[in-house]
Amino acid sequence: MAPRYAPSLRSRLGPLLLFLQTGFIISAFYFEIRDEAIHRDIYAEFQDVNVMVVLGFGFLGTFLVRHGFSSSGFNLLVAAIATQWALILMGIESWYDKGRIFVDLRSILVAEMSAASALISMGAVLGKANPVQLILLALLEVSGFILNEWVLLSLLKVRPLNEIMLLHIFGAFFGLTVTWILHRKGSHEGFEKEKFDKKSGLFSMLGSVFLWMFWPTFNSVLVEDHVPWRKLGAVCSTYLALAVSAVTAASVSVLSSARGKLNLIQMQSCILAGGVAVGVSMSAVHQPWEAMAIGFTAAVLSSTGFKYLKSHMLLAFDCHDTAATLSTHGLPGLLGWFAHLILEIKNCDDHTVAIRFAVFHICTLLVTITISLTMGTVTGFLLSLNFWRPPQNRKCFDDQAFWEFPHLAVRK
Amino acid sequence: MAPRYAPSLRSRLGPLLLFLQTGFIISAFYFEIRDEAIHRDIYAEFQDVNVMVVLGFGFLGTFLVRHGFSSSGFNLLVAAIATQWALILMGIESWYDKGRIFVDLRSILVAEMSAASALISMGAVLGKANPVQLILLALLEVSGFILNEWVLLSLLKVRPLNEIMLLHIFGAFFGLTVTWILHRKGSHEGFEKEKFDKKSGLFSMLGSVFLWMFWPTFNSVLVEDHVPWRKLGAVCSTYLALAVSAVTAASVSVLSSARGKLNLIQMQSCILAGGVAVGVSMSAVHQPWEAMAIGFTAAVLSSTGFKYLKSHMLLAFDCHDTAATLSTHGLPGLLGWFAHLILEIKNCDDHTVAIRFAVFHICTLLVTITISLTMGTVTGFLLSLNFWRPPQNRKCFDDQAFWEFPHLAVRK
Amino acid sequence: MAPRYAPSLRSRLGPLLLFLQTGFIISAFYFEIRDEAIHRDIYAEFQDVNVMVVLGFGFLGTFLVRHGFSSSGFNLLVAAIATQWALILMGIESWYDKGRIFVDLRSILVAEMSAASALISMGAVLGKANPVQLILLALLEVSGFILNEWVLLSLLKVRPLNEIMLLHIFGAFFGLTVTWILHRKGSHEGFEKEKFDKKSGLFSMLGSVFLWMFWPTFNSVLVEDHVPWRKLGAVCSTYLALAVSAVTAASVSVLSSARGKLNLIQMQSCILAGGVAVGVSMSAVHQPWEAMAIGFTAAVLSSTGFKYLKSHMLLAFDCHDTAATLSTHGLPGLLGWFAHLILEIKNCDDHTVAIRFAVFHICTLLVTITISLTMGTVTGFLLSLNFWRPPQNRKCFDDQAFWEFPHLAVRK
């Protein structure tokens, strides 16, 4: 008979966290705060991204009725670790050259965006992995993402804006690979506690709405300021794409339901599709209608994917994707990549330039997906070790495996 | 016997949304992003207004215990549609002149404020109308509001700041007219599911608190920058009026209760009264004590209205006002209008000028109320058609009429 | 037999609020809005602090399962009163000199930070005091805090930044003294309703996360702009300290639990410890690793205190500290004070200067603690009068003592 209680993480999680944090503090001896005036703009942008990463992603996962503490708590924990780790990794070059790692708001912001790629992957394994596994996943994923960045920057000379936005594609494929390798027997019957209720749906609505509201910052933050209206364009395009996505997601949701009802969790994911797709194609979107058309297509893809792909992936590929990472980030990300290609080619007068861009753009995607799948596979096999004490099937999607509850808690 | 299930909206809501969204995207071929540097200030203000419209208004209505998904979800949907629609309507003149509709953050912001007038009216019919009806209401209301704006601007030369702030009065009377026409037999007995509980009260507290915190932006955003301290004055006045409202609303709430208890839903509405009233009278408020006195009076009016008017309106006029739109926006709005009149006259040395201002100011109100009531009546009769498949009385205030719930959802 | 219902506050709370608010409005005749351009930066900072005070502190206390309305509602009420009161007290000098009290965003912001000291103390008596007591506590505490400020400024020439940051120490000791004097027989058995559940834990998570996200503003807002990179340093240091605290708090939480589980309420308090400690020592922290080390130590202290001190204080000193004010604000505050001392001495080349600084720094602390304990004692004895009608033990931690609930509210 299986043990009644989830295995204790005391000897795994505690030392791991202490070890990591001590290591980070020791590395911080090489940190130096860049000696410049604070720029109010970057601070406001940093706060917006901070809100998206900590609150948005954190509460988006609280729809799982008995997994709210874990969704929000582990998200904060992983974000805090992954950001510090990304800050160190991104500083290695400067540390090698000058012996110092320079820290300012912009570098923390980029580190948080790299951490976001790990939070996206977390969505795929949410509820089925313990915090030790989530932290290891985040460390490896951030390493992979920064490796990918470095490869794209140094080999293909991709612009920083464009390669950071690939985080949606990178995160989605990484997460799917991990959850595919960590497949549990019994997933097909469904997990007893994988469901939502009236209140948990509202908590995740909160996360979704914060992501929706602040997404224009997320997409515009890395747009260069030296062509000033580009930033305005990025903000307006993202806003319009999100508005279109919200309407389209509701439409597809009601049309694809036999009794004409909306699905809240589907909407929460799919209203964001326009933001993802426009983010990935940002540097090629110049007209509002282009952004809106991308938002429309992204929402249709994402909603349809949520409705039909999720269950098919489980049946056909043994791939259980808790928070629909594929349709929330993967498909809209790929669509954004494709829209970028089409728009760029459309604007080219010269065939040779167009073909060269296409080859370059396809290489960018191939490199990203290759690194993502490779790192995902390595991570998946590492996490499948029993040493990390994963929860039993019966304890999946259950806060009680990881959180103390007062015994006398009775409902009113 | 009445049917057990709410009528399916598949054939109504889905096509309507698709049709609207396609139409908006086609109109967007004429959109052009204004070619100017982004101004960080306007972006921060845009975000604040965005938070108020999407999160504030959305969660304010979640106090209804079984209507949280609808309150927050339909609010987002209606806001996304109404903003796009307002953007197009506001651009008609420029489209006629130059063949383009110019879009920038300021125009999106003003479009969101116009959409807010529809969200205010939605409060009156909340829980009793289906999303199709809400969307039609929003389209007609935004059209009416922009018509009103155009009439006031071109006939009476009202300043943009002043006429946009009339959205509280416009929205309240529009909503009341619609809910009066849509009166349901059986409202007098009360709806079974029209109530709040411990958790739903906290969700709406969240919405209320976000409105309270960001209201200073809402009132100051349209104040012209060229007299710079005017904007500071608007922010400080609004903050002080809101603080006074919060204290006064609590006081009236406890004094008007037989057993000396506070009412959370009453407080959530009435702490905002000062913001509404000061907003409407903004251009005449010059001293902090004036703002505070207006906040005090507005909260007294609003709290008393919430306590006594709501039930009387139902009994005497067959007018069921779910979210107390009259006392939250209508009465404080009228008070603000009146305070504006008094303060303006007080500051006039010349009798003739004072009388001319009074006539002008009264005309402004009369035009607004006339257009609001007329459009409200038209909308009300349109929405009363059975073609839109309104929910049965038993399905009012119930998310299950519109949202999928997993059948196996059991409470812990 | 004890009465079944909590005593009515109609004759206490209503008149008190009316009297205070009328008094504030009358004082406001002397208010004058400072005649200067609004500075966008200060507005954004004001909004962040506003969010922390109203939303952050308000929702942090909602973990109590039946006390959510009171935690969030009374927090708003007390914040609105205490801010107005602080605005008046801070203006007395200018009123005496020039007959006017100048109001601008900076003065409202500082008033809100003074009000925050009262909200910290409220945490210690939360659930055991009625709103009348909370309001009196806030009035006296803000008076004491501003007296302390005045003494430190005029006698010891402490810089404004440093003495305002003492609010954590002042608030914690004030609150502990009050709760110690208000000790109830029966506290040792525990209060029936002092517990959390799945949803209430998520509401307080929301408050905690907002405090965590905006704490960099709280610490940097008073840093002088004239050395521009100081403000950037304050923001980065606070962010890093908070990230370290989050990881460390989780580590200590899991290590100190017999079954290796995390405690959500403990984490919600202790992830903030780094922000408190770095805030108090801000003007001496120059290196990122210093901030991170302080964050680490603060989180260890705070988590250990939460786990062991809370129950010992109740057993040994009859001091029941609802929201763990000692370990959330008291211990990290003291640590910050100590870190400030050490860092300042470390950077001194001259022994005499170091010793003079140490004496000065110790005096600052002694004055603060003395005034805090004295005012706390006075407040405690005042609040212990039966005249204020405190709730019975059975009605502690229960919203039903103060808030109307519809009788027909049945759970789905």
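Chains here go by letter, A, B and C, matching the order in which they are written, and residues are numbered from 1 within each.
One rule holds for everything that comes next: a residue touches a chain if its C-beta (ideal position, glycine included) is under 8 Å from a C-beta of that chain, and two chains touch if they have at least 3 such contacts.
Please read these numbers as outputs of a predicted model, since none were measured by experiment.
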### Query
chain A and chain C are the same sequence; what rotation (0 to 180°, nearest 5) superposes their CA atoms?
120
### Task
Look at both sides of the chain A and chain B contact and report whether the same residue positions are involved, with over half shared, or different ones.
different
### Query
How many angstrom lie between the CA centroids of chain A and chain B, rounded to a whole number?
35
### Summary
Note: chain B residues in touch with at least two other chains are 40, 44, 66, 198-199, 206, 412
### Query
For chain A, which residues are in contact with chain C within the complex?
5, 8-11, 13-14, 17-18, 20-21, 24-25, 28-29, 31-38, 40, 43-44, 47, 50-51, 54-55, 58-59, 62, 66, 68-69, 72-73, 76-77, 80-81, 83-84, 103-105, 108, 131, 198-200, 203, 206, 399, 402-404, 406, 408-409, 411-412
### Query
Can you list the chain A residues touching chain B in their complex?
40-41, 44, 48, 65-66, 195-199, 201-202, 205-206, 209-210, 212-214, 216-217, 228-229, 231-233, 235-237, 239-240, 242-244, 246-248, 250-252, 254-255, 257, 259-264, 267, 271, 287-289, 292-293, 296, 412
